[in-house]
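Listed next: structures, encoded as C-alpha cells.
The following pair of complexes shares a single chain, chain A, combined with chain B in the former and chain C in the latter.
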Partner chain A sequence: MDSTAEILLERFSGDADTDRTAARDRFRDAGLPTPKQEAWKFTNLRPLAQFLDARTEPANDSRPAIPDTLVDGAYRVLIIDGRIDGDLSDAGIDGLSLAQGSGLQADTDSGRALRDLSIAMADDGLRITLDANATPPRALELVFIGTGSRSGGHHFTLEIALGSNSALTVVEHHLGSNAYAATLATDVRLADGARLRHVKLQDESTEAFHLSDCAVEIGRDASHERFVLSVGSRLARDEVHVALNGQGSSVRLLGAYAGRGQQHLDHTTHIDHAVPNTSSHEVYKGVLDDRSRGVFQGGIRVMKDAQKTAGHQLNKALLLSRQAEIDSKPALEIYADDVVCSHGATAGEIDEDALFYLRARGIDAQAAKSLLVQAFLDEAFDGIADEGLRERLKDRVHGALQLEGAAHG
Partner chain B sequence: MLKIENLHVEVDGKEIIRGLDLEVPKGEVHAIMGPNGAGKSTLSYTLAGRDGYTVTDGRVTFQGRDLLDREPEQRAADGLFLGFQYPVEIPGVATLTFLKTAVNAVRRQRGEEEYDAMQFMKLVRGKAKDLNISDEMLKRPVNVGFSGGEKKRNEILQMAVLDPAFCLLDETDSGLDIDALKVVADGVNALRGPERGMLIITHYQRLLDHIVPDRVHILAEGRIVESGDKSLALELEKKGYASFGSDRAA
Partner chain C sequence: MAATAETIQQVKELGDRYKYGFSTDIESDMAPKGLSEDIVRFISAKKEEPEWLLEWRLKAYRHWLTMPEPEWAFVDFPQIDYQDAYYYAAPKTGDKPKSLDEVDPKLLETYAKLGIPLREQEVLAGVEGAPKVAVDAVFDSVSVGTTYKKQLEAKGIIFCAISEAIQTHPELVRKYLGSVVPAADNKHSCLNSAVFTDGSFVYIPKGVRCPMELSTYFRINQENTGQFERTLIIADEGSYVSYLEGCTAPMRDENQLHAAVVELIALDDAEIKYSTVQNWYPGDENGKGGIYNFVTKRGACRGRNSKISWTQVETGSSITWKYPSCILQGDNSVGEFYSVAITNNRQQADTGTKMIHIGKNTRSTIISKGISAGRANQTYRGLVRIQPGAEGARNYTQCDSLLIGDQCGAHTVPYIEAKNSSARVEHEATTSKISDEQLFYCRQRGLSDEEAVALIVNGFCREVMRELPMEFAVEATKLVGISLEGSVG
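Let's look at the complex of A and B:
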C-alpha cells in the first residue's frame, strides 16, 4: 500500500458500507496508477495526490453560479462538489426515474484503480432508470460543478439503465472554478433495442483534475452514441469501456478536444466485440496549442466468436504550436477471422496552402485559422443531433482556443 | 493601376524574379507569357503576399499605394484578386460559407455594410448561374472532389462575387478542356471594364484567343524580355520561347 492510498483510506475508516469494501480493498492494494503501468504510460497522476488528501485546506467556500442548460428544456440535476443539490423532483416523468445513491457494482473487479477509487470514495451517486419502450422527449442534463471548497476532491457514481426499446439523451456538463480533483465512475446498461445518446462537456476549471471512467454494456440491437468535448482541466482522463454483448448492437464514440497552456487531455477507450454482427465507429479529433498534450489510447478487441464485426477507429490531432504534443496508441486484438476493422492516427499542422487561400480572399489570418480548426473538428461534432447543443459546444471550442467565431460571416 | 519596378524575389534563397518592370493601367488587360520556370507563379504569389516569397529589391504600387507591406487579406480588400493555378481544397468548409465569409470580410475592411443571408444568396445565385455552377456544388466543401474545370469556374465565381478592382489570373487555362475554357473566358470577359485592370498569366496562347489582351509581355528568367500587342502571342506560338532570350525554352 502506498502513502497516497493510505491517506485516502483514512477518510473511510468509519465507513461500514460493505458494498464498497471490495473496491476499497482493491484500491488499497493497487494504489494510484503510475506511468509504469501500460494503461497509464502517457498520463502521470503524481500531481493529483495532494488534491485527494482530505487534510488539505479548502481553497474557496462560495455558492457557485449555475450555468444555462446546454439543451433547451432539459430536465436538470445539479451536483455540486460531488453531492446532489436539491431534490430530484423531476423524477418519475415520461418513464424516467432518478434515485439518489450509488449502486455501482463494487464487487466487479475491473482492474481499473481509478474506478475503484471513485466507488470507494463516492460522496454521492445517481441512478437513472428508464422504463421499457419509454422515449422521454426532453434530455436529462447533469451539471457537475466544482468549487474547490471541499478538501479531498469529490467523487461521484452514476448509473444509467435503459429498458428495452427505450431511448434517452443524457448530457453531462462539468465545470468549476479553483483547484480540485473530481472523479466519476459510470455504469451504463442498455437492454435490447435501447438507444442512448450521451453528450459530455468537460469544461472544468483549468486548475482542476478530472478523472472519469465509464463502463457501457450494450444488449441486442441496442445502440449507444457518445460525444465528449474536453476543453477544461489541467489534467483530464476520459475513459470509456464498451462491451458489445448483444447481436446487432452498435456504438459510436466521438470526441473532440482543445488544449491550451499546459493542459493534459487523455482519452482512453476500449471496445469489446463479444458476439457476432456488432459494429463500432470511433472518431476523435483534437486541437492542441501552446505546450498542451493530448493522449489517445484506443483498444478494440474482437472475440473469437464475434464474426461479421465492423470496427473503425480514427484519431487526428491538429498541432497549433511546435511545443504541443500528441501520443496516440491504437491497439487492435482480433481473434475472429470474418471482420472488417480499420484504424488510423494522424498529427499535423494547419494547412498553410489553405490558410493562404483564405487570406487571399480577404479573410484575416485569425479568422482563417478559426475556420480551418472548426472544419477539422466538424467530423466529430456532426454526431450531435441537437443543433442548438452542437452550436453551443462549437462556440465553447472557439472560446477555449481563443479563436473568433469565423463561420458567422 | 498596378506598377512593378525593378522587382527582385527570392524563394528558398534562390533568386527567381530578377529585375521585373511592368505597368498595367486601369481598363486594360495584359498577358504575361512564359515558359516553365520563368517565374510566372512566383510573380503571382508575390503580388498576392504569400509567405516565403522574399522581395529583395524593387517596389510594387497598386492604385498608387505600396502593395508589398500589406497583408494578403488587406490586398484582397484593396481589390487585388488572385485566381489560383491550383485552387486549394478545404475539407469541411462549405463553398457557400467560404464565399460569404470572404465577401463580408472584404466588405467589412472596405467599410461597407455586410450582406445579410438574403442579399448574399441573391448575389451568388445570379453569378453561379452564369458559370454553370449548381446549388449542389455550392454546398460541397471548397474545391473538394471538384474536377479541374469546376475548380477554375469556382475561382471565377469568387472573383465575380468579390468584385475586385484588379484580376490576376495564374494559368487559369491549365487543366481545362475547350468547353470549360470558353465558360471561364466568358466569365472573365464579363468582368472587363474601364475601371478594372487584368493580368493574365499563361503558358499557352490559346487562352488569349478567348480573352483578347491589350498588351502581351514575355517573361523569361525572371524579367520581361519583350512586350507588344496581341500579335506577339501569335508570333511566340510560331517561333517558340527560345527566340525570345530564354535558354530554358518550352
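Let's look at the complex of A and C:
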C-alpha cells in the first residue's frame, strides 16, 4: 500500500456508498500516478501530494470575489473550494434540472487514479439533467473558485446527462487565488441525437494544481463539441475520454493553452470509435513561453467493427522561449480497415519569414509577434459559436501572454 | 471488391510461399543446451577471446539475469524459456576455410538457394562495370566466408567476421564495442552482449569511399538455436560505406530467438548507409513457429557533418521488435530512417526509430510505411527528441499505414519531445485502406484488379524502396510482391 495514498484518503467519509468505497480502495492500491506509468510519462505529480494532505495548514481564509459571467445571461452555479455555494434555485426551468450530490461510477480503467480520488473524496457534486427535446436558450455556467482556505485539496464530481434530441451549452470557469489543489471528475452522457457544447476556461491561480478527468459517452447521431482554454495553474492536467458509442455520432475536441513562468500544462485525450460511421476531429494549439512545459497526449482507437470511421488529430505548439518545452504523443490504434485517420504534430518557433514580412510593412517586432501568435491560436477558437464568449476567451489568452492589442480584443 | 478479396486470398497463401523454408543437413558443433555462466565461458573459449571480452560478457550476463522482460510493446507471445535453446552452433568444418573452395559444398549450395552468389561474385569480378558486392555469410552462429577481402584490404578497409576482428584488431573492437549500445541498454541487447557469437566488423579508414557494397547474409539453420549476431561498423573521418543485410531461416514449428545488436559509428564527415531486407521465417498462417526478431540497432553520428541512414524492408519474423536509431551528436549531422514493414497472417511487428538531436543544426527524416494484412498487428513506435542544445534542429516524420482486410490492426505511437524553440519538428501520420476510387481509376485505364492493387501498394512504398541500393531494391520489390500481390513488379 502506498503511504501517500493513505494520507490523501484520511478524510474519507463515504463508507455507506459502494462506488465511493470501491474508488477509495482502488486509489489506495494504485496510489498517485508516477512518470513510470505510460499515461503519466510527461507529468510528475510529486509536488501535488503535499497539497492534497489534509493535515497541512490552510493558507488563507476569506470570501472570494465573484467574476462576471463569461456568457451573457447564463444560469450560474458557484462552487467555492469544492462546495456548491447557495441554492440551485435557477434550476427547473427550460427542462433543465440541477441536483446536489454525486452519482459517479467508479471507473475500472487503469491509469486514472485521480478520477478514483475525486470520486472517493468528493466534497460535493452536481448532477445536471436535461429533458428529451429540451433546448434551453441560456447557457449553464459553473464557476469554480479556489481560495486556498481549505487544506487537503478540494474534490468535486459533475454529471451531465442530456436526453434525446436535447441541446445544451455548459461553460466551466475555474479560477482562484493562493495555493490549492483541485480535482474534478466529470461524466457526460449524451442520449441519441443530443448536442452538448462544453466550454472550459482553466484560469486557476498560478500556484494551484488543477486535475480534471472527463468521461464522455455519445449516443446515436449525438454530437459533442468541447473547447478548453488553459492559462492558469502551476500544474494542470485536462484529461478527456470520449466513447463514440452510437452510429452517426461525432466529437470535436478543441483546445488552446498558453504557458508562462514555470507552468506545466497537460492535455490528454482519448477517443474510442466503438461503432461504424463515427467521426472525431481534434485540434490543440499551444504557446509556451519562459520555462513552461506543454504536454499533449492524444489517442484515437478504432475498434474492430467501427468501419467508416473518420478521425483527425492535430497538436501544434509554438515555443517562444529557449527554455520552453513541448512533449507530444499523438497515438493511433486501429483495428478496422475502412477508416480514414490521421494525426499531425508540430513544434517550432515563430516563422522568421512571416515576422520579416510584417516588419517590412512597418509593424514593429513586438506587434508583429503578437499578431502571429494570435493568428496561430485562432484556429482552435473557431469552434466556439457564441461570439461574446469567444472574444472574452481570446482576450484572456492574449492577456496571459501579454500580447499587444489584447485590451481591445 | 473482387480485387481486394483476391489480394486477401493471396496474402493468406503467403504462408505456403516461404521459399527460404528449407533446412540444410550439416553437421554442427554445438554447445550444450541452456544458458549459464559456463555457456558464456564456453562461447568465449571457442572463440579464443581475450580476457577483457570474457569479463565484459560475464558482466552483461549477470546484469541480464536482473533485468525484467520489456513489456511496453504491442506484441503478445508466451514467455521465452531461455534454457530451452542452444546458444552456439557452428557448421563443423574443422579448420577455418582459407578460401571459398574449402568451404563445405553443402553450405555453398545453401547460399546458392538463397540467391547469394558467393562464388559467382568471383566470376563477376572480371567483368568490367559489373556491380560488386562483398559478402560475409553468417550461418547459425559463425561466419563462413567473406569475399573480396583482398581488394578491400588494398584500400585499408577491414571487412571480416567480428570474431576475427577481435583477434586481429582488438584495439578497434575494444574501443567501440558497446559504445553505442551499452550492454545493459535493454534485456535483449544485454543477452546479446553475453552470448553473441558472430557478425560483421567493418572499418573504413579516413577519407576512403568503400568501392563496393558490403553485405552480410544471416541464416539460422539449426533447430532450437538462437542467433545472436553483433555487427560493428566504424566509418572514420570523411569515409563512406553502404552496407546490406539480409536474413532468412528454415520453416520450423518452434519459435527461434534472434537478438542481434548493430552499432554504427560515423566520425566527422563520414556517411553510413545501412540497408536491411529482413525475411526471417514468419510462422505459418496460424501463427505457429517463426522467428522472434528482437533487435537493437543504433547509430551514433559522433562527428560533424556525419550521416547515418537506415533503410529497412521488414517482411519476415513472427514478432519484430526493432527500432534502428540515430544519436545525432555532431553538429550538422543527419539521421534518416526509411522503413517498409509488412505483416500478414498472425505476424506482429512493433518497429520504428529514435532520433536524438544533440548537436546544432542536426536533421532527421523518418518515413515509415506499414502494411498490415490477415490477422496481423503492426505498430510504428518512434521518438524524436530535441535536446536543449540542438539549435536549429529539424525533423520531419511521416508514417502511413495501409490496412488490408478487417481483422488486422495498425497503430502509431510517436513521442515528440522538443526542448529547443529554434527546432522545427513535424509529424504526420495517416491510416487508410486502398480506396475504391483508386482502384476504379486504375481499372478504368485498363489495368486488371491485380495490377491495380500492385500498382497502388508499390506506389505506397515507393519513397522507401527508392532508398535501397539497386542490388537490394530488386529483391525487396519481389518480396513485397510475394507478400501482397503475387505479381508485383
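We take it that the second predicted complex is superposed on the first by the 394 of 409 C-alpha atoms of A that agree within 3 Å, B and C clash if a C-alpha of one lies under 4 Å from a C-alpha of the other, contacts with A are read in each partner's own complex, and residues count from 1 in each chain.
In the analysis below, a residue touches a chain if its C-beta (ideal position, glycine included) is under 8 Å from a C-beta of that chain, and two chains touch if they have at least 3 such contacts.
Model, not experiment: these values are computed from the prediction.
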item	value
Partner chain(s) touched by A:F376 [first = chain B, second = chain C, both, neither]	first
Touching partner for A:D353 - first (chain B), second (chain C), both, neither	first
Touched partner set for A:A74, first chain B, second chain C, both or neither	neither
Partner chain in contact with A:K329 - chain B first, chain C second, else both or neither	second
Partner touching more residues of chain A, whether chain B or chain C	C
Partner chain in contact with A:A367 - chain B first, chain C second, else both or neither	first
Partner chain(s) touched by A:I218 [first = chain B, second = chain C, both, neither]	neither
Touching partner for A:V340 - first (chain B), second (chain C), both, neither	second
Touching partner for A:A258 - first (chain B), second (chain C), both, neither	neither
Common interface positions of chain A, toward chain B and toward chain C	none
Chain C-touching residues of chain A, taken from the complex the two chains share	38, 304, 307, 317, 319-349
Contacting residues of chain A [partner chain B, same complex]	351-354, 356-365, 367-368, 371-372, 374-376, 378-379, 406-407, 409
Chain B - residues contacting chain A, complex	48-51, 71-73, 75-77, 82, 84, 87-93, 97-98, 100-106, 109, 114, 141, 158, 162
Chain A contact footprint on chain C (complex, rising order)	72, 386, 388, 401, 403-433
